[in-house]
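A, B, C and D are the chain letters, set down in written order, and residue numbers restart from 1 in every chain.
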Amino acid sequence: MEAIILQILNGLDKGSAYALIAMGLTLIFGTLGVVNFAHGALFMVGAFCAVTLSRILTLSHEVVDPTRTDFLGNPLKVDVPYAYDWFGQATGDAIIDWAVPLSILFAVPVMIIIGVVMERGLIKHFYKRPHADQILVTFGLAIVLQEVIKYFYGANPIPTPAPQAFASSMDMGAALGFEAGQIIYPIWRLVYFVFAAIVIGCVFAFLQFTTFGMVVRAGMADRETVGLLGINIDKRFTIMFGIAAAVAGLAGVMYTPITSPNYHMGMDFLVLSFVVVVVGGMGSLPGAVLAGFLLGVIEAFASLPQVLDVLPGLNQIIIFLVAIVILLTRPRGLMGRKGVMEE
Amino acid sequence: MGILEVKGVNKRFGGLQALGDVNLSIADNVCHAIIGPNGAGKSTLLNCLVGKLIPDTGSVSFKGNSVLGRSPHEINQMGISRVFQTPEIFGDLSVLENMMIPCFAKRDGYFKLNAISDVMAQRDMVEKAEHMLEEMNMANKKDMMASSMSRGDKRRLEIGMCLAQEPSLLLLDEPTAGMARADTNNTIDLLKQIKDERDITIAIIEHDMHVVFSLADRITVLAQGTPLVEDTPENIKGHPKVREAYLGENSGH
Amino acid sequence: MSKSNFTRRGVLRTGAVGGAGLALPTIFTSGASAFTNEPTGGTVTLGFNVPQTGPYADEGADELRAFELAVEHLNGTGADSGMLDTFSSKALKGNGILGKKVEYVTGDTQTKSDAARASARSMIEKDGAVMVSGGSSSGVAVAVQALCQEAGVIFMAGLTHSNDTTGKDRRANGFRHFFNSYMSGAALAPVLEARYGSDRNAYHLTADYNWGYTTEEAVRSSTEAMGWNTVNAVKTPLTATDFSAYITPILQSDADVLVLNHYGGNMVNSLTNAVQFGLRDRIVNGKNFEIVVPLYSRLMAKGAGANVKGIFGSTNWHWSLQDAGSQAFVRSFGTKYGFPPSQAAHTCYVQTLLYADAVERAGSFNPCAVVEALEDFEFDGLGNGKTLYRGDDHQCFKDVLVVKGKENPTSEFDLLEIVEVTPVEQVTYAPDHPQFAGGELGTCNPGA
Amino acid sequence: MTDQTEQHATSAAPAASSATQSSTKVLGLGPKDFKLMFLVVVLTMAAPFLLNPFPEGSAMAQFNAGYPDLMQRFVIFGIFAIGFNILFGLTGYLSFGHAAFLGVGSYAGIWMMKLLTMNVIPAIVVSVAVAGVFALIVGYISLRRSGIYFSILTLAFAQMSYSLAYSVLTPITGGETGLQPKVADPRILDGALEAGASPRANLFGLEMGAGFEWQVGNWLFTFNAGYYVAAVVMLVAFYLSIRIFRSPFGMMLRAVKSNQQRLSYTGLSPKPYTLAAFVISGMYAGLAGGLLVAMDTQVGAERMFWTASGEVVLMTILGGAGTLIGPVLGAGLIKYMENILSKINKDILHEWFFFLPDGFENLMVELVYPFIGKGWHLTLGIIFMLVVIFLPGGLVEGGQKIAGMFKRGKDADASKTTPAE
């Protein structure tokens, strides 16, 4: 029972990352009809917003410590962050410690700007082009983005820990009425899940309850008609692209304490997020979210040792296997609309 | 016994009864029009005939063979060709190639792996297609990309493609919808010519009464998914039930 | 048509192009040279094939730095002469190899065996390389080693830890200085026994590919031999980035040690996840829960940040070693680049020197002569103490370092501290040891 | 369709039928196609010269691509892309898992070399056959869906193949370390190897690595048996693809892409046509996989990874999907970048800019360095974007534009001069 609860938690946690990325992708094809292969790269850029902010916060000057030596035997130069000078060591440490949550404030405007620039500068010229061209240009852009990041940050993963307060794990067993020590879960992962749920909720609420959202939803259903009504749908789509980029970026920022970011993490997520979107059904936001959580949970269960003893290698293929089964039984995925990307 | 027999066909979409107990018999070698107001079930009925939809109950038989459960290409191979409301042609292919495809379909059946010989070396097919284009008065357009033609020409090509298969039954789904008056008249003339010159049955769904009364030998009026009356055009014109159900609200046309 | 399986382009590159061939086309035949890419001019070309793109790009970049340094030292153009001074063999004079100036070409393995072979083939076919070195994974090492055997050039493996490289996939033209899975297991076991006792339940998470398998097998067999019990061993996909689903089942088991047979990004993520799940705070069967990482890479461990603190593992070499050879190398490298070298850089540097020295001693670039000179060659002063290049399988036998994550690092490079230097006797095995069975060295191939 | 004849040379646009009818055919090809075929034959046969335009030892020699490995890769990936184009270019079905067929073909080929003989013929034949069967299974299932749903189904099959080959199927595939022929393999049709010899791929005794070099002045040209074997296979594959493009089958495939609804209502079933195209293109991939093994006797699972499938998509679009020669050009460009750009390092840059004053030299090196060597991916990404932005029809369109400019230039000259005369 404990094992099942834990695997559900794991699945929901991973699923929330899938869901956030898939939701952004769906917003983009739903509204703009563009296959965005650079979406994984946006996730990665988001993660590197967190890295960048923590680098900025730890900008340092060197102080020579004559009592110790470095690897060449010279006196050791110790980096002292400016934050220490300005705020004192304790406050400075606290600010640095909170770099990841603070990055949210930093990442949102950055990602919206990147998204808007991308849409206005590049994507908008590809609305009427074949999907193959869209794939080629966004794939090219993804490579460029990740190579730029690699140029500045290298190829190795960069540790970006959560604030101390969230870095430890929590024994949920007692609270849920189980034996202590059986259901231990890292606090940050719970934070991630809650955060993802809030973001997803906000996007839905935004689309559901605002006039802006209504117009966009109408545009998703029938772009031309809305255009005929004299509403400047293009402008709204640009903003939508910015929002999708911000959602991907936020997913990336918050993910950094879970796995240390590196420049190709976007590509690692790209294929899976496409599978998630398609399993959810093209053009369906609830489908994307549902499929994200579903695949996350199924993947978690396929990783159980008891399962692998019976079917070795199942964890390697489970997502794809489920995708095949779902697509064969439900022609347009879980909740897909007819005629979207079927040609 | 008609060439096409529809018996007791019902079709529901969720809570909506699209077709309710439709019986229809189309006699050989006539032009039979099916008319009715919007939502009367005309298109649903047509889709049931060509295999796009499967009726919930009832039977549809063509020349005595049931078409139910067969896929559109099989039904087509039985001798039913369909013209769509918006012309469905191969836009990225040349006009000649458009015309050759039904010729191949007629000769080779639903699939043949003929991957090595040159299309243009199939003299008989090319000649047949060119001949058909001449009949359609389109010989001078044969090297054009089909999508670059006018709507009237596309319609003409589509009808020609259907005829190239030498079908026994030609189904036309509002063939003049969205056309300018001149194109509509051209299409009427073309269909009249086909009707006169060929040994073919035509079933036509149409909104435009001008077209219907120019062509039809018999008319079935459909309302709310059920045939109201079936009669000759002259009798239909004056039929009170029809006026009430259909012409009354569309007299402005 | 005459056979010249691989070209002798070195001939042309090195300046033999001249008046002779100008007027009339000359058809070269293979009779002219004794072995592939025989250098006849004033220079000799070496091929350095390292990952420049993909997850191991930083490790590859470090290898490349070491190669550049080695070439400077061989040619005598560097600021100092690095390990040439401490190397027990004095054949190298700092005037190139056999008096020929060392030149080099570089390529990108992409950490894919296909790309690595393509890159190595271009070095051999186009650039006339007479030796290929580098690489950061066993898949690449085995693939390129087989190619070099076929082409008739020497392969001096870079970072490759799988038993297979000098086990079932060993080749006569290939040599490995780096240590292997077996040695990691053999070196770690006594240290683990001393720290954690002999009554432990180990849970393995293993990367689901060859290197993972050989490492798991090595660690299992040596820890089981001292009394540990293996509770479970679960395979994780190479492409996994989140290991939570593999870590939570550990909470339900009665394991008190977790062994992470992971490398690179896998290691960083699995270790980070394990620590996040509070495994290190657990007490099972009255014992503190412990984590072990059999193969440490300092470059990669950096990605795991503070999570490595106190965690045991093994490594081929570390810059904090105090012997003269290591210090000389760290000084040269650190002065030139501003930071200490990684173990990958060290092994690549040493391999280049060992190759050059063997050529010098053999008096020929002929691969067969080089093989003969390297086989059963004993040397010292290259950072790992007394070392033997065993002739039976072309594996170096030397002391192995057991390290643990440092509690109070003084800099970003100061992540590991050496716990113990396991003497070579403890990690030596018979050439036909079951973990290395199924391979056949064959005979050297000079190509041409 | 402004310039019918021009377009016909390279694109799948319909044959200008009147022209075709009146002219005689050579090898079953119309005059335009024959010209194209002839051009490709000349280019491939003369590749050792054309790809080595720079003299040895010169600074530009770095850009020479005329060495066996890369020449082989050009033609082999050319075959792969030609095959992919039969599916994608003609029917519009975008498979994202074609690398799986290449990989399966390679594994089949290497097993033939391990079990039967080092002769490449059985390896290649079996590669094609096994890839064909695998494509039949994958295609039969995947073609139940269209559009992106189809793409994801093919991707799923390929990723499963990759993952399993890399891990649990290690006993069959060699996993991470791949498979190479070993001295101890059975090879029942071959005699015992001489002591010390290693198994080499051959065609009835002609080793794939065999060849000769020809020195002309400072130029050195390499003629490699393996390359010519692969090149001949590529020419056959290319010839077949022209025939398929011009055949009734090819026309039906274009009809599938254009309008499936009309095709069904014309009595033709799209499914067997697309499946046949899928299998044919899978067999092309298998052929490429078999040849890869024949030229370089090893297989690694990475050649089935999704990026490898993505690469062939990019090759085809980059060159010009649906055109005959485009995919080959795209394959050539990508492989050239991968193998040549990635090998340029800082030292070579310093050599190039040696003539500049020191400060400028360093500046130039710093400016160029991010785009070469370890930065070759960046250049590749930029090229993808530039091509697709400025040449929507791929490289072929670029070629046509250039040709068009020449023509227009000539016409303009003519119109200028004529009145004067």
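Rule of thumb we're sticking to: contacts are C-beta pairs under 8 Å (C-beta built on N, C-alpha and C of every residue); 3 or more make two chains touch, one makes a residue touch a chain.
If you're wondering where the values come from, they're calculated on a predicted model, not measured in any experiment.
> Trace the shortest chain of touching neighbours from chain B to chain C and give its length in steps.
Tracing touching chains, the least step count from chain B to chain C comes to 2.
> Tell me which chain's centre, taken as the mean of its C-alpha atoms, is farthest from chain A.
Measuring from the centre of chain A, the most distant chain centre belongs to B.
> Go ahead and note the Å separation of the Cα centroids belonging to chain C and chain D.
Chain centroid spacing, chain C to chain D, equals 34 Å.
> Averaging only over C-alpha atoms, locate the centres of chain A and chain B and give their separation in whole Å.
About 52 Å separates the centre of chain A from that of chain B.
> Would you give the residues of chain C that are in contact with at least 2 other chains, written as numbers and ranges?
Residues 57, 208, 235, 237, 239 of chain C touch two or more partner chains.
> Please set out, as single numbers or ranges, the residues of chain D touching at least two other chains.
Residues 163, 167-168, 377 of chain D touch two or more partner chains.
> Which pairs of chains touch each other in this structure?
A-C, A-D, B-D, C-D
> Chain B touches which residues of chain D in the complex?
It comes out as residues 1, 4, 14-18, 20-21, 25, 28, 30, 240, 243-244, 246-252, 254-255, 257-259, 261-269, 272-273, 276, 280.
> Which chain C residues qualify as touching chain A in the complex?
Chain C reaches chain A through residues 54-59, 208, 232, 234-237, 239, 241-242, 244-246, 248-249, 251-252, 265, 268-269, 272-273, 276-278, 281-282, 299-300, 302-307, 319-320, 330-331, 334-335, 339-340, 410-411, 413-414.
> If we count contacts the way the header does, which residues on chain D are in touch with chain A in the complex?
88, 92, 94, 141, 144-149, 152-153, 155-157, 159-160, 163-164, 167-169, 306-307, 310, 313-314, 317-318, 321, 370, 375, 377-378, 380-385, 387-389, 392
> Under the stated contact criterion, what part of chain D meets chain C in this complex?
Against chain C, chain D makes touches at 55-57, 64, 67-70, 73, 163, 166-168, 170, 174-178, 180, 182-184, 195-196, 198, 200, 206-207, 209-218, 220, 222, 225, 292, 296-298, 300, 302-303, 338-339, 342-343, 345, 373-374, 376-377.
> If you look only at chain A, which of its residues touch chain C in the complex?
Touch residues, chain A against chain C: 2-3, 6-7, 9-11, 13-14, 68, 70-72, 76, 78, 150, 154-159, 161, 167-169, 181-186, 188-189, 257-260, 262, 264-265, 268, 299-300, 303-305, 308, 312-313, 315-316.
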